[in-house]
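One chain, chain A, appears in both complexes that follow, with chain B as partner in the first and chain C in the second.
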Partner chain A sequence: MDPSNDTAQTWQTIPDSMMNGRMCGKTFSLGSIMLFPQQEHTNYTDMASESGAQRTVKMYQLEPSSWLWGRQARKLINESVGTFLSLQTAITEAEPDRHNAVLVKKCREYRSIIQACQQDTKNLQQANENEKQNGKEPSTQEDLIILQDILYKMELILSLVELLFIDTMSDGHLLNQLVKWIQLHFPQHERKKGVVLESDRPHLHPDYWNTVYGSVLQGKLDDARLILSNHPSADTDPFLSIDELLRKMPFFQVYGGVSVGDFEARWQHWQSECERRLEEGHFASSHNLQAICKILCGDLETISKLMNLMDTWYHLMVSTLLFTKPTVKLFHLSNASQDAILRMQDQQVITALDHVLLAAMEADMYQVIKECQQVMDNPWFTTHLTDLLYHTVQHKGKHQVLPPLREYLLLDYAEMLAGHSSLWQVALLYLDHCGPRGMAMAQEALQRLPITSDSCAQKIIQMASEREFEGVVVSVCRVMGRRALSQGRLGAAIWWGMRSKDAAFTSHVAHQSWKKKK
Partner chain B sequence: MAGSKLRRYVGQKVSVVRWRPPATHYGDTDTFLTGTWNDPENTVGVWRTPESDDDPVPISSLPHQGDVSDIQYVTRDSFMVGSSTGGVRLYRHSAEGDLEAVNCWDKVHAFTTGPAPCTSLACSGEQIASVGEDGKLVIINPNQKKPARVLEGVGGCSLYAVMFVRTHEVLTSSMQGHLKLWDLRASQTAKGLLFSPDQVAVCNLAGHPTQQHLVAAGGEDGTLALWDMRNTAHPFTIIAAHNGPVCQVQFHPVAPEHLFTCGMDGQLLHWDASASAKPSHLSYKGTQDLSGGSVTVWLGSEVSRGATDTTCILQSPLPINSLDVEGATLIAGSDNEAIYVLGQLLKKRIDDMVY
Partner chain C sequence: MFVAKSLNAEHKDLIHDVAFDFYGRRMATCSSDQSVKIWDLNEEREWVCTASWKTHCGSVWKVTWAHPEFGQIIATCSFDRTAAIWEESVSDSGRGIHSTWIKRAGLVDSRTSVTDIKFAPKIQGLQLATCSAGGVVRIYEAPDVMNLNQWSPQYEINCKLQCSCISWNPSPSRLHAPLIAVGSDDPNTSSGPKVFIYEFSANTHKWNRVDSLVSISDPVHDLAFAPNLGRSYHLLGIATKDVRVVTLRPVKQESAQSQGNSMSFEVRQAGQFDDHNSTVWRVSWNATGTILASSGDDGCVRLWKANYLDIWRCISTMRGDTVENVAEADSSGGSTQQMGTASTGQHTARYFKLAPTAHPAHLQWH
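For the complex of A and B:
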């Protein structure tokens, strides 16, 4: 579906000699392809020779597979449809000024669904590790690792979108939330802190200073102070001095009663105090403490030197902003992100994920959606994201592209679900929200479902009558009636015939049963 | 009736949930089975609900051919599973918590052209009754390889539900809405009952735990009918319950003035007739019998007027296929690929019952 996606070009060979040179295919159901060998052309003079009909001919059904159909990820589908439906009803019922609260809540629900799946997958991975001697195939472990990766990326993007676009409580002052975002997604310093503090002599642990730097860069100043207090020279002047600076760093609170101007003044005052102490040589005895102070002064060179502690450009960007521009707003992020990428240029390759995050920093919603589509192989994430964004901007009434884009994505996702053997019911729940095209697709999908038993037929009829698709009900009843007739079950055939309200069919069946009775 | 509500997604559509019978008559049970449908790899799974209000935990599972249409316990450790391939299998809980297959009867139900799904099972002592879409009632003895009796229906209609009224009497319901009572000691049916003139299919039957003549039937048009078997001309009452076919009906085994139904409209309803419980003037020696479920509360005038206290305790966007209630906990499985565990239902009532 997406030609620019490199992974789409995988080749599958059908292990059947009959197919050589004669393979033919036809689209079947919604999204699968039926493959079969063409009949050989036999010459008229060669009728007696061995014909292909004597060898068994097999047909192959090719279905698109996706990480979403795996046992773990499948739960995401049903959980998210619940959140999706409740979002639609909550938005229509809420008053306009409550919209944001509703959207933030639903966004967090989506995030917790992804996090729950991450947790499940992690538990399964650990259980598999413990059972390695059972001879589990390595591919399941690989699949789980890939799934973890995908889930991590989705959660990262979703949380960034939440704080940039959806959660407007902080009135545009993003730094605190960005810092929290980084803290949540880069927990390695938290872990190292635990390791370092538990060791016998923390200050001699090789990771000691790195952990301190890491905590400072993530804004976890209390953690940094805790680790520093474990140093044997913690009572000396330089240490006390740095402790004081760390303690006194101002953080902006939106409802703290302090205006932006006041806060900026305080912050400048604090930073100039840091610079003063540095110049006066308070930390001349320890180059480590000097480095910490330089970070606090917002010295770009020092921060860049510690790039290996930060892994990614967005971490670098947030750490830089923390110490250079605490009143950052959304429109600053575009420049800041470009800047961070430039500084980190030699250390990393720009991936598709980075494109998504960059687009978010540029506040370009369409680009975010488009980049997401490039990254993911199925529309699950993109669909729900677009739905959230659509509701966020809908009441502003300015956007022309988002509504049809959302509908298109929902239809796409629903079509993919409808082609799955067991998720067709979920597909119908989505199609209810896709306008007239959704209704049309729903009818088509319902009529093409394989009916395996009476209860399955009743469920299809139930879904069709809820949506007032009379044609589908009639059609299903006719199919069941015809089937019953061919099995000689005339009572059932008449019953289905009556349901179908098809007079001609019912009378035909009645006639058959009368003939049988004769 | 406050209670805890848990929902756990399992990644497969759940067609049947069944509590394992408790070890003692008034004890609790924490293990239940689930059966799935509409999946290329259907399974029968064992789950345990922990003491605290946590999600149920899967213990083990066994793959199953075809959709699971019904599960019924024969003894505390062994149970029967009916399949959409027309076969019935007997399994047992092993000591380690796994499941073992003990016996299987394939092709118990079949059309002339192929396999027919088995739709429902019922057990009484050592006899298992199975009905299917081919219209046959088959009696199976768990120790024998071949079915003991095969009773054909006439008319070629699917049978949807079966239950034992007494040890030798079986009630079946068909797609045409006929309730038929079979006497297994004789070789012919005892009576035939008509549900309603509109030929509304009866999808599920449930027997009152203590009053054997009282049967609740869930219909395909969403109605709940209460039958008094002593007066079989017409149902005692028909109440409009759901907006779609009723999938399962069940009386609470210990507090039978509470009835639960679930349907394809995604609702699970709790019918509470205890408010209209009053001393029955038919009881022996005119004694007042207020507790323990008044003898005829379901057949009283209040219920016939539809004056029961009905609450919707669960709402799902997709059909709820099955429910089972034991003690104070109710489990339900739905096409939403979720298992629901509702705890502390009827708490006050159950506490009253302990004596």
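For the complex of A and C:
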């Protein structure tokens, strides 16, 4: 894969005929761009245009826009820096065998930060809906919908990364984790179950059987049993038989005291029983119950036929594995995912999200990060993800790529924050962890902050002093001294001059002040 | 992704240069109408023109700000063969704060159009360099930073080819001797390299040419050193028939006349891009030296960024275009552009996103 093709390109058109010829751009304030139409000139002719030419020359200021600058994301930014910092400390302080526990905890913190943002956004969407008659701008709602989509996808990826790379337990447990992952992110059957059960005659509800199938495919066998028990024929033999099979499906318990090998044997035994009952025609009277039993037997054709209940290839993959390979290991997922994609190819288009998830199934951390970079318009997610993965593999000494990539992303993210008037302090917190380049950028960022007031100057000086950036302190004092001088505030000018230890300036001002008094 | 907001430039002719002060809150524009305008950001984050005055007797090619440690100072250069230094004077009359710019010095040594002017890094004091169509680079200094009326010419460098642009190496370290890059737009490719690197020797008090970039023989219209935040090498962006990114890595050599070591450079081309498919006229860096902006005759501005492997690529393209049926909100200072069909009065700026990425299978999430 072309290593230079990291972040996707953006395109922009400025609707102005003047700009058709030559447009020039200058960057300012760490991220803004000013575009202006420029005239061709040579060194030997002074090209003034025809006098009387009336044209309105316009300049265009471009500001970076991203969901990250929205109100909803502010908490996300502030909370994630807290988690980031505590992660760095906790990892260095923890015993090697406690590393994983720390990383799992921090990963879950990030996830709950995203979930909290999802909740806030949802509340805002509700509020907007309620106020719709007040002519609320539709674009805000649209932005919120887009944001929800992004948040959902980020949480989906992070939770998969957690179970595949960070929270790696014993072999038998991977399937359970994958099943939980699917259950969490595809809650539609849960909702439907409620609707179906509350209806007058559940078994006649159009979604009745689909809800049963859906629950089985998600490993929610108790739910399936509950719905089936509402059927008028629930106490007939076929129903009792299927209920027993559903009840007795073995699930691997990490601390159950059963070895993986023993579990596998039990599971095979159970599935053989399912096959036997199917063959002996226990469910001949009901094609629905037959279908359920076929699912339990791991019949690919039946499972595939129910594709529309699963929406995505990863749901299909997990559902298939649930009934064909309960002791699946990480390295099996590569084939399993390709297989699921193939089976589903007529139903879906492969999206950018799919590429990320596939890379995770291939256990390719670097590719996961790269794919995320392709679709994110800001580095918030990729930065924190890479930092997590970096710490996960660091003590194993395997990955050579992650350290420079992590530093690059941290610098990139911090630079983005530094350009924002209320987030520069957060930027400094990240830059403290980026080595010498971080220090250099921190100094530059502090110096470039517009000094709007004395208290602002003091704040910058304080943050610079904490980091022993003496040069920044001196520079700020000099600028303040100059400003005071130009405003005629000679006393203040001398004070700042002394703080900047600029003898020439101070004595000049003192001289001015003496002249004034004469 | 960007959000665009327009403002009326108020110049009577096209703009040659736009320069921002250190904090990005003051802007200077210069034009063929021979004037310079100063703009300030007000509390509503709109640009307001606070000064406008005639600066030269010919087109003003470039304008540049000094570091705020020296005060509010700009320098201009012009077709009229002169350069000038201006300082702001603020007076508080009864009707509010009034800003005027006073000419502190005129630099009249050049016999030809002065094509570029740049202040030196602040660590060198208050110095500036000019270059001219006659091929001469001049370096001036104000020995007393509190007295801007006194500028003395310190050095003259004859580049022998007409010069279009200069750039000081902004490297803040005291370890690197002052360094200047000069570009020539001499149209004759067989006259040799068009980018020269000069280094100041503190021992001999002379500027010496330490390198010429042989890979660049087409006319150079602009060049700029990137701000250096923690790099071990220098980075130069060049506007010529295409966009070039060049790295200069200092290599210490023991010199025969041992008065310390002299620097030489290992020059590498980190990128050469013909995306503009036409002459590239301007290049400029952002404050952290991570993004290069280029503009070309194809009417586009492109942004370039390096990934973590230091491979440069285009991350953004902005194109100026004639668009039909664009409605504009009518307001005094500035207006926000709308695109598309129905205009429903005042709108906040809309997204201007077009067709996305290189990989067609990838769907953007935003």
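The rule is short, and it goes like this: the second predicted complex is superposed on the first by the 462 of 518 C-alpha atoms of A that agree within 3 Å, B and C clash if a C-alpha of one lies under 4 Å from a C-alpha of the other, contacts with A are read in each partner's own complex, and residues count from 1 in each chain.
Here is the rule we go by: a residue touches a chain if its C-beta (ideal position, glycine included) is under 8 Å from a C-beta of that chain, and two chains touch if they have at least 3 such contacts.
Everything quoted here is computed from the prediction, not taken from an experiment.
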Once the shared chain is lined up, is A:S475 touching chain B (first), chain C (second), both, or neither of them? second
So in the superposed three-chain picture, is A:Q487 touching just chain B, just chain C, both, or none of them (first/second/both/neither)? both
Chain A: partner with more touched residues, chain B or chain C: C
Contact residues of chain A, present in both the chain B and the chain C interface: 486-487
Which of the residues in chain A come into contact with chain B in the complex? 71-72, 74-75, 77-79, 81-82, 85, 421-422, 425-426, 429, 452-456, 458-459, 462, 466, 484, 486-493, 495, 498
For a test of understanding, state which residues of chain C touch chain A in their complex under the given definition. 1-11, 13-16, 18-20, 22-25, 27, 29, 32-33, 47, 58-59, 61, 68-72, 79, 88, 90, 112-113, 115, 133, 145-146, 162, 164, 185, 227-231, 281-282, 284-288, 290-291, 293, 295-297, 299-301, 303, 305, 307-309, 311-323, 326, 337, 339, 351-359, 361-366
Which residues of chain B touch chain A in the complex? 9-13, 38-40, 67, 69, 84, 111-113, 117, 119, 133-135, 154-158, 160, 175-176, 199, 201, 203, 220, 243-245, 264-265, 317-319, 335-338
What does chain A use to touch chain C in their complex? 3-41, 43-44, 46-49, 53, 56-67, 146, 149-150, 153, 350-353, 355, 374-377, 404-405, 407-409, 412, 415, 435-441, 444-445, 447-451, 475, 478-479, 482, 485-487, 504-505, 508
